[in-house]
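Each chain gets a letter, A, B, C and D, in the order it is written, and its residues are counted from 1.
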Amino acid sequence: MGLINFALTIMGYTLIGIGAFCQVVAGIGMNRFPNFFVRLHAATIAAIGGSFTPIIGCSLLALSFEELGAIRFFLAGGGFVAAVFLLVLAAVGSHLLAKAAYFSKATVLQPKAVDVLEEDVRIGEVHE
Amino acid sequence: MIDAKTYLFMVTYIAIFANIVISLYGIFVRPNIIKKIIALSIFGDCTLIYAILIGFRKIEPYPTIPIMTAQQPSQEYIKEFVSTAVDPLPPALVLTGVVIGLAVMLFLVFLALQVYRVFGTLDIRKIVRMRG
Amino acid sequence: MNELYELTPYLVLAISALASTVAVYLAIIEKDLIKAVLYSAIQSTFYALIFYLLMVPDIVLVYIPVSVGLLPAIIIVAIKKTERYEDVAGIPKSSSITILSLVVAFTFIAGYLLVLSHAITLDVFPSADARVLAKWFLNTTLWWNKMFSAMSPEAVTAIVWDYRGLDTYFETSVMYLAIIGALALARYFEIPKKEYREEVMGMSIIGKTATRIVVPMILVVAISIALHGHLTPGGGFQGGVTAAVTVSLLIFIFSTYFAIRFFKINTAILLRIAGLIGIALSAVITAIIAFSTGQQAYIFQNQPKVIAQIGLPYEVGGNLISGTLFLFNVFEFLAVFMGFAILFLLLSIPEEVIREVIRGEME
Amino acid sequence: MTVEYYLTFFIPFYLISIIMYVIRALKGPTIPDTVLSIDCLGYALATLLVIFSVYLRSPLIIACAIVLTLWIYALDVYMSKYLEKRELGE
């Protein structure tokens, strides 16, 4: 096993481990946080830390996986494409959902400390 | 004879059978047409999974997909492929079944919308009473 | 005795099946239809994992778009146009107990049948051996003898469009009939003529920008799934339903009036008919060539057979194209994509327009 | 067998988090909570699909993960369109 392969393997396992940790943290947060807008925070950890990172890690691991032959580049490329889609779409999806949930009042805002958006809407800077 | 893998596989089999029973209850007892459509789609999915379960093979360590990765396979490669790949016939039947199931569901949804526009309700009991 | 780590796929299989049972139970007894749809989406994602672990990637590629994407979308549209809550006035309160007793009874029956099948055949259910027919298909899908082969490394696409091509042809026509039925129900409805205005219509600017970037990427992925259908998992059906997401994204994120710049209903119907004619022509293309040169041929013939020596080339310039399978995949992609585009455009017609039309018909 | 051996250490964590997302999705008091949990569930499942495609040594099945990420986004879009007050086509 060459040095580059060894480095790729170690990096792959490390990223997958970070992803596992982030998933568990996000799962706990999803269950313990009080309302929807706080849970968005857990969702970002689940999407970026918990999914984007380990998919990249799997791609790196696949690149170093010489038993598969030339087809391992297919696996690595597919993993990178999936990661890019996830990076773009997870954030946008959360944004659309949060905006719709706020303006349609489909979810409760309690407990809240401060709601700046409400004041902006009242002044007229933001409108929906 | 029955090892841990077979036991876990039987758990899957029985859980999906439970899904069939629950969705049949939904189709027959629940009054709303949209709820009936949801239950019908779940029932269709369960039957498709049964079709796939028939084609599965328990091979050590795990079976492979019915797709070759070599463009010009040798005799030995084909022999190994045949001895490890799952049955390709159920996927071929299920593949068209999924798409046609979706088209039929769409037609049912269009019918339900038309029923709502004409009768003003989706409750099957009220629609039956309105006849005449 | 197996090593413990070899059990992982089977363990995940069992866990996802049990989780899907919980989701199905809640989806059926839920009074709020929107929540019922979401619970059935959870069930669908778990079923996708089950299909994946049963090693049938073709089904996963077609099942995820259909059951996670298109079906919830359509039912959500239907709920938005009709009523959200189910009226459960007449149903007895003990319905959950009824379900549980039914489930227990029938599960015992299923377990009994399973044990009976083990006892009769003296073999455990996921058998280690495959059926003779399956072995035949797997053996001949890419073989040195072109007489019996489909010359495609993917056995599923070979069965769908070569070995059992006539079945698939009639199943495609069933789907065509369902779409014709929907078109007939919506025969007098037209999309109102309005200009698309960027600042008033659609969702927020972030969503629009991201969708503008992503839609071409989705189309590229869909086309690559469709065109590589004879080499990798995928094919016409899978590519078509993946591409149908672009139409739904354009309608939901921008508006119908933006989407009909690209997909007018009549154009979509024309392209769909072109796809279906293409499928029919690909089915008889070897027969046409054979009759024009005075030979014999079968319908749905791909490679040369014993008494019919005409066949399409299975590779062009060193690239495997598997004869007619490539053509079938391209035309099926067009037909499925445009069929779902038509249905989405019909679903997005505003309800006031439809009600006026129906009032006019009744008077 | 080394890859299977090491990946088995990580897979239970993903399973635990998936079960936690399912609990929140089934419990979620309002609809946006449920949709958000289904999002996270979908992303965790996509990760699990990629990991299993390395685990089972079948590189061709990676395309499923790409399609899953696309459609989870589509579910978001549908639900936020439902929650908005405007007509569907606009």
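Odds and ends about this structure:
Basically, a residue touches a chain if its C-beta (ideal position, glycine included) is under 8 Å from a C-beta of that chain, and two chains touch if they have at least 3 such contacts.
In this text, all values refer to a predicted model and were calculated from it rather than measured experimentally.
Look at where the CA atoms of chain B average out and do the same for chain C: the two points lie 12 Å apart. Note on chain placement: the centre of chain A and the centre of chain B lie 30 Å apart, centres being C-alpha means. Rounded to whole angstrom units, the spacing between the C-alpha centres of chain C and chain D is 20. Within chain B, contacts with two or more other chains are made by residues 61-62, 64-65, 67, 69. Shown for chain C are the residues in touch with two or more other chains, namely 6, 9, 55, 57, 79, 81, 203, 207, 221, 232-233.
Looking at chain A, one finds that residues 71, 74, 81, 85, 89, 92, 96, 99 touch two or more other chains.
If touching chains are joined by edges, the resulting network of the protein chains shown has some other shape, matching none of path, cycle, star or complete graph.
Pairwise chain contacts in this structure: A-C, A-D, B-C, B-D, C-D. Listing the residues of chain B that touch chain C in their complex gives 1-6, 8-23, 25-26, 29-32, 34-35, 37-39, 41-42, 45, 48-49, 52-53, 55-71, 73, 78, 81-82, 85-92, 94-107, 109-114, 116-118, 121-123, 125.
Listed in rising order, the residues of chain A touching chain D in the complex are 13, 16-17, 19-21, 23-24, 26-28, 30-31, 36, 39-40, 42-43, 46-47, 50-51, 54-55, 58, 61-62, 65, 67-68, 71-72, 74-75, 78-79, 81-82, 85-86, 89-90, 92-94, 96-101, 103-104, 106-108.
Residues of chain C that touch chain B in their complex: 1-2, 6-7, 9-11, 13-14, 17-18, 20-21, 24-25, 27-28, 33, 36-37, 40, 43-44, 47, 50-51, 54-59, 62-63, 66-67, 70-71, 74-75, 78-79, 81-83, 86-88, 90-91, 95, 98-99, 102-103, 106-107, 110-111, 114, 118, 124-131, 133-135, 137-139, 141-143, 153-156, 158-160, 164, 167-168, 171-172, 174-175, 178-179, 181-182, 185-186, 232-233, 235, 237, 241, 320, 336, 339, 343, 346, 354-355, 358.
For chain D in complex with chain B, the touching residues are 4, 56, 58-61. Only residues 61-62, 64-65, 67, 69 of chain B touch chain D when the two sit together in their complex.
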